Amino acid sequence: MHGIGVFVCHCGSNIAATVDVKKVVEMARLEPGVVHAEEYQYMCSEAGQERIATAIREKNLKGIVVCSCSPRMHEATFRKCAEKAGLNPYMVEIANLREQCSWIHKDIEEGTEKAVILARAAIAKVSLNTSLLPGESRVTKRALVIGGGIAGIQTALDIADAGYEVDIVEKTPSIGGKMAQLDKTFPTLDCSACILTPKMVDAAAHERINLYTYSEIEKVSGFVGDFTVDIRKKARYVNMDKCTGCGVCMEKCPSKKALSEFNSGLNNRPAIYTPFAQAIPNVPVIDPTQCTKLKTGKCGICERFCQAGAIDYTQKDEIVTRKYGAIVVATGFEIIKLDNLEEYAYSQSKDVITSLELERIMNAAGPTKGHLERLSDGKAPKNIVFVQCVGSRCDESKGKPYCSKICCMYTAKHAMLIRDKYPDVNVTVFYIDVRTPGKNFDEFYRRAVEEYGVNYVKGQVGKVAPQPDGSLLVHGVDLLDGKQLKISADMVVLAAAVEPSPSVRKIATMLTASIDTNNFLTEAHPKLRPVESPTAGVFLSGICQGPKDIPETVSQAGAAAVKVVGLLAKDKLLTNPCTAKPDELMCNGCGSCANVCPYGAISYEVKEINDHGIRENRRVAVVNSALCQGCGACTVTCPSGTMDLQGFSNRQILAEVDAICR
Amino acid sequence: MKKITKKDLAALLRFIGENEALYIPGRVSGQTNYVRYNENTDVDLDTLKTVKSAKEVFFPQSETLYTVKTEDGKYRISQEELQNEEFVLFGVKACDMKGIEVLDKVFLSEPVDTFYKARREKGTIVTMACGEPEESCFCKVFGIDCAEPQGDVTLWNFGNEYFWKANTEKGEALTEKCSSFLKDGDEATVDAIKNAIRTVVEKLPYMNLSLEGWDGTKTEEKFNSPVWEELYKPCLACGTCTFVCPTCQCYDIKDYNTGKGVQRYRCWDSCMYSDFTMMAHGNNRTSQLQRYRQRFMHKLVYFPANNDGMYSCVGCGRCVDKCPASTNIVKVIKAFQKEGK
Amino acid sequence: MEASKKRQSEMVQEISGTNPLKCMKCGKCSASCPAYEKMDIKPHQFVSYVINEDVEALAKCDSLWVCLSCFACVERCPRDVKPGKIVDAARQLAVRQKGGSYLVPDEIPALVDEDLPQQLLVSAFRKFRR
Amino acid sequence: MSMNTEFKPKIVAFCCNWCSYAGADLAGSSRLAYPADVKIIRVPCSCRVNPMFILRAFEKGADGVIICGCHPGDCHYSTGNYYARRRMTLLFSMLDYMGIERGRTRVEWVSAAEGVKFSNTMNEFVDAVRTLGPNKRLGDLRCKD
Amino acid sequence: MKELLQDGTVNRVLGWKKGDLPYNPEPAFFKSAEELDEFIYDGFCGANLSKYMIAASALEGKTLVLLKPCDSYSFVQLMKEHRVDREKAYIIGVGCKGKLDIERIKAEGVKGIESISGAEIDGDCSTLKIGTIYGEKEVAYKDAMLERCHVCKGKEHRIYDELMLESADTLDSGRFEAVEAIENMTPEQKFAFFKNELSKCIRCNACRNVCPACSCRKCVFDSTKFDSAQKANVDEFEEKMFHIIRAFHVAGRCTDCGECSRVCPQGIPLHLFNRKFIKDINEYYGEYQAGNNVEDETPLTDFTFDDLEPGERR
């Protein structure tokens, strides 16, 4: 290409101190195609940009090379500058003389020599650049929130309040999530339901929020701004429009053996049920694995008692296809299985419980109506032992390597509540470290110790041994006293680790959003883009991204909502033009490129191809440039070189290689 | 007529090789090709056919023509020097010798190829009669007598000796130079050797191959024959036949970017390749059938038509031996023969 | 001197196949140990002794011969540090230093209880041959 | 010793845009020196590096080629570096099999935060290539003069 | 075959046609029962006809194709890559008792061959009796077999509509022995070995063009997209480039059919490249045989999170 301009920046003395800028200009002039070369103190300054623009106009430059700082810093600046001067922004290349040359080399001669080579490589590349135009894609002004817990509800409310439609897809029959199961919340001891229920009602009543409860994501296609999602609405066997939520059906249902999911399996629920009294929507579902009518065809009691005529045993799953501009993942967490931690005797004794189970026991609407009692014999416990870090901070073979973050605080809460309500109960907490970073958190923990007399012991529990008399012998250690402890307890509460909801794996795959080794969703940048997934248009809210408590979840939910609103506020999105581009004439249609594409951007079509006069139908690869992110995996997989990457083409990179090795 | 005992041959070769470049069939990893002689060369005069023919000594597979370099933004062109030293090519069989004559027709007629011409002038060719012709040989069909090859010097292999006869001035000069290694030999023995070879040749399976109808005429008829449609089908479009052929003379001229400049070089090309004669507008032969046909039409029709009936096939049988799909010029000739009946 | 201390600590790590740096000092090993009361150096301390390169103290302590090699600590350690293996390794070092053996191979079969776990048996031999 | 200090190897480093190129920038802004022999080519992802590029570099006279990408699991394009890892594993194994010095090729995962690692890696790599001396086994003679 | 051709089930037969020498049958399409008189299938029919099925898939109607067990792997691999149309093929899986290498026979000093008996597929395939103009010769069938038959993948066809003829066990050496031998060399020896072998390469592209995996419409070495179009071996680098890249492009797709080594006019053991990749893939990513089925993920378009790092050994 003829008509290349080279602009070498001094960057004050940042570059000029170790690179002989004049020499770079002089050497650049000798390169084929270069018609203009100059230097300036600060190319990125207004005056510097003006010089570039002037040169482009006056010398009718076809491509420019700016030898300056990292392209990560000012590539966008110079592209804009070129565009203003009438040059396609993709006809700009940057030679990184600052970060990758002048700042790391001390010797002027050495620095200059390298700078010349870097400039040469950029010139070689730009001479093969082609004008690229970003494509445009439309934005569907609706968001999808996957998960109806506090994270999902808050995100949805914030988006809806900003004026955009939101759908919430929740797999259980009601929104509310784990927070609905909690009794009180730290560090203020508010009643969880009291602060959550109004939000649930708000979400249900919001004109721009649409709830898909008892529903799951079936399929996701499309890309940022234009996702198409299939939602499976599972058969409720209850007509939502007719049901009045009177609850007679649940009373009358003869099949009451199912374990209540909401009460952590501590008591039973009928086959037709709402998870809890304040469920939203307040419409029951029939559990087909429990319902006698659905299993054997006999029964039908609920139908008889339903005055609204809402029962419909013939309902089938329904697939709804909806379009969205953005998707928020808020799939939440579960408590880990304790199979690998048998020493705590969780499976052997009913009186060894998890903290979440304790929440239900403490809750007035729970299986014990809020009375603290042993599940084995209903007696009031006198000695309770709490064990921290059960399955958290563990070797991979035992549990999770991470800290679950919320346990220290909720254990302090539980201990405090028990001592408050039952002052005669001895509470011992075995801890490894007490971690309380957060506003009023350490104060809260100190109150548990100082005001409520909770006995904190530094040391882990080795074993919980159920005794013949029904008590539990806890083998622990007090590392500070250097004493082994054997405590006879009536109840042991395990602070079991949290893990991302198992459903997230499937969802992440559908969204092509990446997950880490612990199944937490990966953020686009751990610090600077913590609520975005690396996949454009997919955002993260709540524990699906990493362990967090309620206030953190709510603030992250809001942050995700803002990101979504920022996206939905746009009418059109510009797509990156540096995408893969196949040469139809050469394509074998073998399918290997689609195999490595992380975005599903490649498909195959049978097309009539005119290959130098030979017309035939061939299967060829087609790239959806709106989906393609330009990684280039396909270009290397393709043996014939049919696939090339615009902006980083084979010939461009080879030209750089040649220039460097010259 | 001279002769040399086989045990003296090594010394002779060393003697020649010390004074000038010597190209001779040598074995590298199981295959025999012409190699530049040095002390470590595994000389192999027993293998009847080298994989590549002797043509590459005069017309190398690739050679640089000139180099362009940039210095301070200016271009400097330096032409490749012509062959300026004498050399000896040793052990050429009759078919390859004839092949060189075919190349002479192409490269020594106007416009003369100076690179080729210089090599021909500086080279002395020592040919060798074929001891044991093989089943794929059919040089006799093209009127070549493998018992008495041309060249500057001709050798006959007999028992413990090679008989040596100079045919040209260059040959005499080489004989003179090597005289200390040579003794006098008798014509009669050589005549007997020749007769023995000719008797064997008569027994070869391809001896009855007829070139009737391949006289450089009936171009259209041959070109349009339906026979090609079946003949080309096994062809894989590789360049094996062309690259082992002693007469194929097509080349491509390409540029190589050395980073410091450009080297313009020429290299053998094959009419079997899809980019052969590729031009800006595309290719004038778009199918393998056309490419396949081109090769044989050139050898058997176009070349004789333009060169007083000289075929550009010498019956060496290398393509018969080496074609991966076992298609070859003999099968082409036979197919037309059959069609003619 | 320093070097030999370091070497000893490395030896313990090598023999035991453990990485003491993985320890998060939870004390679960000591909580699990049935011989805790009789030990002068407690199981969790074994780990820090190795980290602090004081294997000599370990080689002299009584705990080596008190440890039952029940491996409860190994089994329960949440970080896979295996304190029991460290005790075992320190014991080996001690035995190597002392040399000599009171048990004659021929006497062994009579002493063996068929139901004993193999690992315990091996540990026992190491322990009681001083 | 004098030989080794005389020899200035040509090193081509392919760095992915999101992690390693940023890591190199960080090395730069932290003033962590590494030899000027290293020249970086920016590619979107380590999976963009075609074996042809690597061989081409050697052909044209490079003495060493290093590919840097995001750590496995951290790829900006989620899976690119996993493909790159397999490709390079096989390619390097083949080069080794053909008697090309193993030390001339390397893959290193460098995150945007690992300026120190970038600099250390380059120092080590250049040292290793210097010890091996000029690339004689894999290079086109025409590019040598 | 004649019947299938006559009743219109297939439009043509892709098989081998008798050669004009005892050992050079050529791949051929037969369109009539009459033409089939020239059909032959014996020990010299080494050509892998799967490659020809790419072109045949574009033809009208069905093609009856004869595939040896090892050829059937290539066909499956080509199906996987959408290069052949299963619907357009009627596959007769033919038995195989090992295919012969005329070069090996000639290396035994056999010249002037007039006739060969003992290569018939229905014979016992133990000894070849060769009539030459210089007298009778005998060569053991085993000694004349192609390298690939000594490491035979087995008698099973991966795909067929019909089976014909018996196969024989010919496996008698380790598939990776030669590769291991090279791996155990010093770098200097390795380099010398390959330099010696590759210096013979004449860039005729026979290996590429015969290869069922190298079925690109336009090879990178013929295209201008990489500035890699080269014809001649101007420098030894080029051969390395060509053969490394070719092996890399077919890595995970090469079924190890051995055609490249069979056709090389210079006798370069090209399978040593492909087999190195196969060995590495097996060792690093688990046993994999290209062409086994159409479902398996090709190793180079697949990964696991804990794949080993370049240069690491397992």
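By written order: A, B, C, D and E. Residues from 1 in each chain.
As a working rule, a residue touches a chain if its C-beta (ideal position, glycine included) is under 8 Å from a C-beta of that chain, and two chains touch if they have at least 3 such contacts.
This one's a predicted model, so the numbers in the text were calculated from it and none came from an experiment.
Enquirer: Touching both chain A and chain E: give me those chains, sorted by label.
Expert: A chain counts here if it touches both chain A and chain E, which gives B, D.
Enquirer: If you walk touching chains, what's the least steps from chain A to chain D?
Expert: Minimum number of steps from chain A to chain D: 1.
Enquirer: Could you pull out the chain whose C-alpha mean position is farthest off from that of chain A?
Expert: Most distant chain from chain A: B.
Enquirer: Taking all protein C-alpha atoms shown, work out their mean, then name the chain whose own C-alpha mean is nearest to it.
Expert: D
Enquirer: Hey, which chain ends up farthest from chain C, C-alpha centres compared?
Expert: Most distant chain from chain C: B.
Enquirer: Measure off the straight-line distance from the CA centroid of chain A to the CA centroid of chain B, and report it in whole Å.
Expert: The computed centroid separation for chain A versus chain B comes out at 70 Å.
Enquirer: Based only on mean CA positions, could you tell me how far chain B sits from chain D in angstrom?
Expert: 46
Enquirer: How many angstrom between the C-alpha centroids of chain E and chain C?
Expert: 61
Enquirer: So the centre of each chain is just the mean of its C-alpha atoms; given that, what is the distance between chain C and chain D in Å?
Expert: 46
Enquirer: By the touch rule stated above, which residues of chain D touch at least two different other chains?
Expert: Within chain D, the residues that touch at least two other chains are 51-52, 60-61, 73, 79, 83, 87, 140, 142-143.
Enquirer: Which chain C residues reach two or more other chains?
Expert: none
Enquirer: Which chain B residues reach two or more other chains?
Expert: 256-257, 259-260
Enquirer: Go through the chains and record each pair that touches.
Expert: A-B, A-C, A-D, A-E, B-D, B-E, D-E
Enquirer: Enumerate the contact residues on chain D facing chain B in the complex.
Expert: Within the complex, chain D contacts chain B at residues 60-61, 140, 142-143, 145.
Enquirer: In their complex, what parts of chain B are in touch with chain D?
Expert: Interface residues on the chain B side: 256, 258-260, 263.
Enquirer: Flag every residue of chain D that touches chain E in the complex, lowest number first.
Expert: 51-52, 55, 58-59, 72-73, 79, 82-83, 85-102, 105-107, 137-142
Enquirer: Once bound in the complex, which stretches of chain A touch chain B?
Expert: Residue list for chain A touching chain B: 29-30, 612-614, 658, 661-662.
Enquirer: Can you check the complex and tell me which residues of chain A touch chain E?
Expert: 517, 583, 585-592, 595-596, 604, 611, 616, 619, 637, 639-641, 644, 650-651, 654
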